[in-house]
Amino acid sequence: MSDTTQTLPKAGKTLSGGRIDLLIAALLLAMAIAAPFVIESRYMMGQLILGLFWASVAVQWNLLFGYAGVFSLGQMAVFAVGGYATAMLAYYLDLNIFLAIAAGAVIATVFSALVGLACLRLQGVYVALLTYAIAQVIYLLIVTDTNCFEMVGTTCRQFTGGATGFARFGDFGMRAILKGDWIKGNYAIVLGCFVLSMLVSWIILHGPMGLAFKALRDNQAYAVARGINRFHTQLLVFGLSAFFTGMTGGLYATHFQAIGPGIFSISSLLFILAIAVVGGVGTFWGPVVGTIVLMVADELMREVGSFRSIGLGLIIAFAVVALPRGLVGRFSDIFHKHKS
Amino acid sequence: MDILIAIITTGLTNGALYALATIGLSLVWGSMGMLNMAHGALLALGGYAVFSVATTLGLPVWLAVLAAAGAGALAGVILYICVVRSLIRTAGKNFETSVMIATVGISISLQNALLQVYGGQPLKQPFGVSGAFRIGDSVVPWLNVVIILVSVVVMLGLALLISRTRMGRAIRATAQNREAALLMGVAVERTYLQVLALSGAVAGICGVLVSSVTQLSPTLGADPMLKAFIMCVVAGLGNLPGAVAAAFGLAMIEAGVQFGMGARWGFPVLLMLVIAILIWRPNGLFGRAQIRRM
Amino acid sequence: MSETKGTSLELEGIHAGYDGPDVLHGITLTVPQGQIVTVVGPNGHGKSTLLRTISGLTARRAGRIRLGGQDLTGLRPERIAALGLAHVPQGDLLFPEMTVYENLQMGAYLSRDPQQFAALLEDVYALLPRLKERHGQIASSLSGGERRMVGIGRGLMAGARVLMIDEPSLGLAPLVIEQIYEVIGTLREQGRTILLVEENPARVAHLSDVMHLLDDGRLTWSGAPAELLEREELLETYLGG
Amino acid sequence: MINRRSLLRNSLASGAGLSLLAGMNASTANAADAEPIPIGAALPMSGTAAADGIEFKNGLDLAIEEINAVGGILGRPLELHIEDTAEMGADVVSQAMQRLIDRYGTPVIVNGYNYGTNMVEMDVAADSDVIFIHYNTLISHNNKFKEDPDRYYGSFQGDPPEYYYGPGLLSYLNGLIDSGQWEPANRKIALVASSVEYSIVIANAVREFADQYGWEISLYETVQFPTNQWGPTLAKIRQDEPAVIAVTHFLPQDLAAFMTQFIPQPTNSLVYMQYGPSLPAFKEIGGESVKGVVYSTVVGCLPDDFSEGFRTAYREKFGPTAAYLTGSQTYDGLWKWALSAAIAGGAGEPYDGDQARAVSASMNRLIYRGVNGICRFDPEGQSAYTFPAQTPDASLGMPHQFLQHQDLTQDPVLVAPPAYAKGSFILPPWMS
């Protein structure tokens, strides 16, 4: 039996752990910065941006589940709230897109805190169901919305965008500046926001709040006895993870210049969960590694044509079975074994 | 009156389908703490098995239904041997999430394998009953009656199996206290295998019934599974009678709301009800307080 | 129970533990046929781990266990149970949603002989008449003492050659504790082979043939019960008086 | 391999197209060693819409086989590359298209439909200067095109937008009444839509025009997608019997279920449905109960002599249950593009705006008669013109076909528009 609690007793090694994190971060960042200078393919740049989106959402979900032990299935709903809020603010109020993204992140935070409030007394799978039910209600009410809010040309538009969603509410403005290389501009913005979210997450996880999360996850009764306020901590983690998830949602909507109800789909949610689990739940780099692995696997699977989905499903199942602590957990096991 | 009968017919039929989907899911969840996300794909497998045996091979339909149960059971066994067994040993406290993700992977593969074999065009399910009978002015199709009957019979059979046989006792004992069951000499791993096989068989039959309404497409299990997931959690951990009650109750409410408020409100209202129930009773309506760790 | 006199259970240099370091550091003891051997020691020093290791619930890291001469190495708990070891675990671990009768039925899970079952059930009901009264009641609705009785009765239903009982007095009112030890006294008269674990040596001294003191995963003293009770300094040091 | 006999038969199907292309190819030599032109298609090959995705691919396969048999485009053969769009979100579809462009250098992408994309495909096409033809059947295409025609010059919707289903249906109904073929008990329509853009836009269009055509919407129900238990919805319909039940949900198995649940206790209403009844599965699953159902499509293989070669070839190649009605869309789309590209002097390649604009211009000029009827692009929205709602001239618009299931052993009967009709409307059995 081995589990993620291993990170706790090794407190004495945080310094070296921090140094390793720094090293990995520097390496990844260097590669990420070099990418647009090396890669010419717009598709590849697009995949990198998509990868940053998924990694960011998975990192934030990992913060909730891997560190705070809250098994939420509402992650894509938070993402969608951020995206929808951004789109609607920009569409209806002509808000500057960057302001809209920031506002979207705040709205997502408030939404998520409310969900957190509802989940307060629940455990494990019950949290999963509640968060999922909330996400599903929002989705269903949006897609079945048929009331005309305004007429656009000859067709009616629902306030929520209905089954169609929103498009053309503004973009980063990179097409005007960079012309054909606009995607590299988008990449720079998305990368910047991603780095910011990783930085904040790292600081939080290595601060007193991070310890409180872990304590609640590993032994709730003990943590509460030690004076950790479950109510505050849980709300905080819901809100915190939601801020960056919502922001990513806004960036996503702006990059693709579209947001629609499809984003609530269970398949994108499960892809996020798979990323975190394959990479390593409860490890800082797990979701990032998981994103890289799954996106590369997906890319390779495209070569086998119609067997792609079968292969991808099997890869996910195999990864979970063969790597019970995820790739990063497996690496760190090997690493620690070598050290001791 | 006419409307009441329509609502009751829909509610009971959906309730029977949900209940059958739910007990398969709940059985596995209750005894091993595993949410089997491939359950929906097993439903689809059952539906297509009937098609292959009855339509393609031309064998009698009752034999085909047995084959569907067999195919489901076999899939359950394979799922246990290839995925669940090693996760139980290695995943530790992450078992709940790991097994969810792994079975999601299996489900994606299985669905797409069905797509490759049978193609994506919907196929006609050979299991079906035509005709209808009248109650006053309203008409109730025989198919709905058959669905309700078959589902009740399967559930009764399962209840007998669980409560009266040695295997059933072992399953219940394992669900209620895994360590104690081990000390009594119950081969817990074999019990898990039996549970998954049993649940697979129920899923196979459930798939036949579901597809007699929806017809065959590789994604036919997705919707019933989602509903079953909800019923299962609302009822509370592994509570089979509770799951059945929740399935029928919620299906009735859904049908009533669909008529009263409009079809678009059916599922959302049901979900809001679920949210309210969970906030009010954090362990479901009839739930045990704790998930027993593996 | 007709078996030739001899050693029923033998432990040799047992090391065991959970995730972290060893909890047991080289335990060696034997339980002879027809005797009651008691392990006493403070809480958290490995008494339950010892029993769990014997019945296979906790992985053994080194050492050897023999039951009636048969090596248990590498066997899973259900196999060990089948070889004739019954374990009444700490905290009862009943099947909470089953009736008393069903719990007893589970105790005899490995026996497929209805006559043997009837005989065992009669014995258990004779020993623990309360269980007969409550046979249809759901286990989770019983009182603490009744649950303990179900636990012991369920252990007896296995008809095993060795019975291990983990802290039968834990969490019970003094009056109930007395009743429970009366039952164990009867078992002793019946000549059962029992490995008993208890925190308080005074309670079990009169029942035991041999006593061991378990401290921090090691057996620090072994001998006749009367001797232990005389060694006040031992009791003082290890058991806090 | 395509043999001479089937080539001849197919040349009947694509008629002028085949010989026109062959003629243009005649001047170019050494077709054999010419580098192939990559053709892209981003289709839902897995997931809920996989059935249609497969047919869209079939249509492309057949068209490419025929085009290559006459020497490809100016001597260069075509080569198909498919990307799976599975659940078809905006991100997935635009990345799939970008991959086709970057990886294979496809100068053209011919899609079937992908729903839930908000038409972001048009931005991918615009940014990469490729020609993009699709059958999403969405008015959002036109709206988006109108916002910036110069940017979206390369995006074409090969069929009319779903919006025209609204006026099309209403004017068909009035035509039935005017010609005395049907006497409705009242002027009420019950609308049943499902929660997908396509279905809702059609329902909304019907609702919007109802007044104008003298109708009243007595019920507007939005059901989930998919739906198979129609009990509560039917009970509502029965409460206030409408003259017309219009179901704009489109999955064939669900629509068949609607009919099997409707027939035991029918109302005196005409039942109109969307898309699904055109697929073989609808009839197969619904059996007797679908007899009398009217449906319409703004695009679909016409049941005429002209398309017979196509239909035969399609069924021969892909099996008797293959839905050529779906495959015909991409089939026509690719043919029209191939001819336009040949006329423009070549397919060009991505990021070559000049050539792409030349191809686009020739696509707009070319009026192409395919197996679905006329494809002529409306310069206002760059979607195919629909006949008769948009143009009264049958030779200038794609016919909005109304069909009815009459004899279940035969294909459904085309009952309107008159220029193409093969039979006339009969009163459904539950109404007589």
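Letters A, B, C and D mark the chains in the order given here, with residues in each chain numbered from 1 onward.
Here, a contact is a pair of C-beta atoms (placed from the backbone, for glycine too) under 8 Å apart; a residue touches a chain by one contact, two chains touch by 3 or more.
Nothing here was measured: the structure is a model prediction, and the numbers come from that model.
K.L.:
State the smallest step count from subunit C to subunit D, taking one step as a move to a touching chain.
P.N.:
2
K.L.:
Which chain lies at the heart of the structure, taking centres as C-alpha averages?
P.N.:
Given all protein C-alpha atoms shown, the central chain works out to be B.
K.L.:
Please identify which chain has its centre, taken as the mean of its CA atoms, farthest from the centre of subunit D.
P.N.:
Result for the farthest chain: C.
K.L.:
If you average the CA atoms of subunit B and of subunit D, how many Å lie between those two points?
P.N.:
From the centre of subunit B to the centre of subunit D is 37 Å.
K.L.:
Just how far, in Å, is the C-alpha centre of subunit B from the one of subunit A?
P.N.:
31
K.L.:
Averaged over CA atoms, how far is the centre of subunit A from the centre of subunit C? Could you give it in whole Å?
P.N.:
From the centre of subunit A to the centre of subunit C is 51 Å.
K.L.:
Which residues does subunit B have that touch at least 2 chains other than itself?
P.N.:
112, 264, 267
K.L.:
At least two other chains touched by the same residue of subunit A: list those residues.
P.N.:
Residue numbers touching two or more other chains: 1-3, 140, 144, 306, 309.
K.L.:
Can you list the residues of subunit C that touch 2 or more other chains?
P.N.:
Residues of subunit C never touch two or more of the other chains.
K.L.:
Hey, which residues of subunit C end up touching subunit B in the complex?
P.N.:
55-57, 76-78, 81-82, 86-87, 89, 93-98, 102, 105-107, 109-110, 112, 154, 158
K.L.:
Report the residues of subunit A in contact with subunit D in the complex, numbered from low to high.
P.N.:
41-44, 46-47, 50, 140, 143-144, 146, 148, 152-156, 162-168, 175, 180, 182, 252, 256-263, 265, 267-268, 302, 305-306, 308-309
K.L.:
In the complex formed with subunit D, which residues of subunit B make contact?
P.N.:
2-3, 6-7, 9-10, 13-14, 112, 115, 119-124, 130, 132, 138-139, 141, 213-215, 217-219, 223, 255-256, 258-259, 262-264, 266-267
K.L.:
Residues of subunit B touching subunit C in their complex?
P.N.:
Residues in contact with subunit C: 166, 169-170, 172-173, 176-177, 179-188.
K.L.:
Any idea which subunit A residues touch subunit B in the complex?
P.N.:
1-4, 65, 71, 118, 121-126, 129-130, 133-134, 136-137, 140-141, 144, 266, 270, 273-274, 277-278, 281, 306-307, 309-318, 320-321, 324-325
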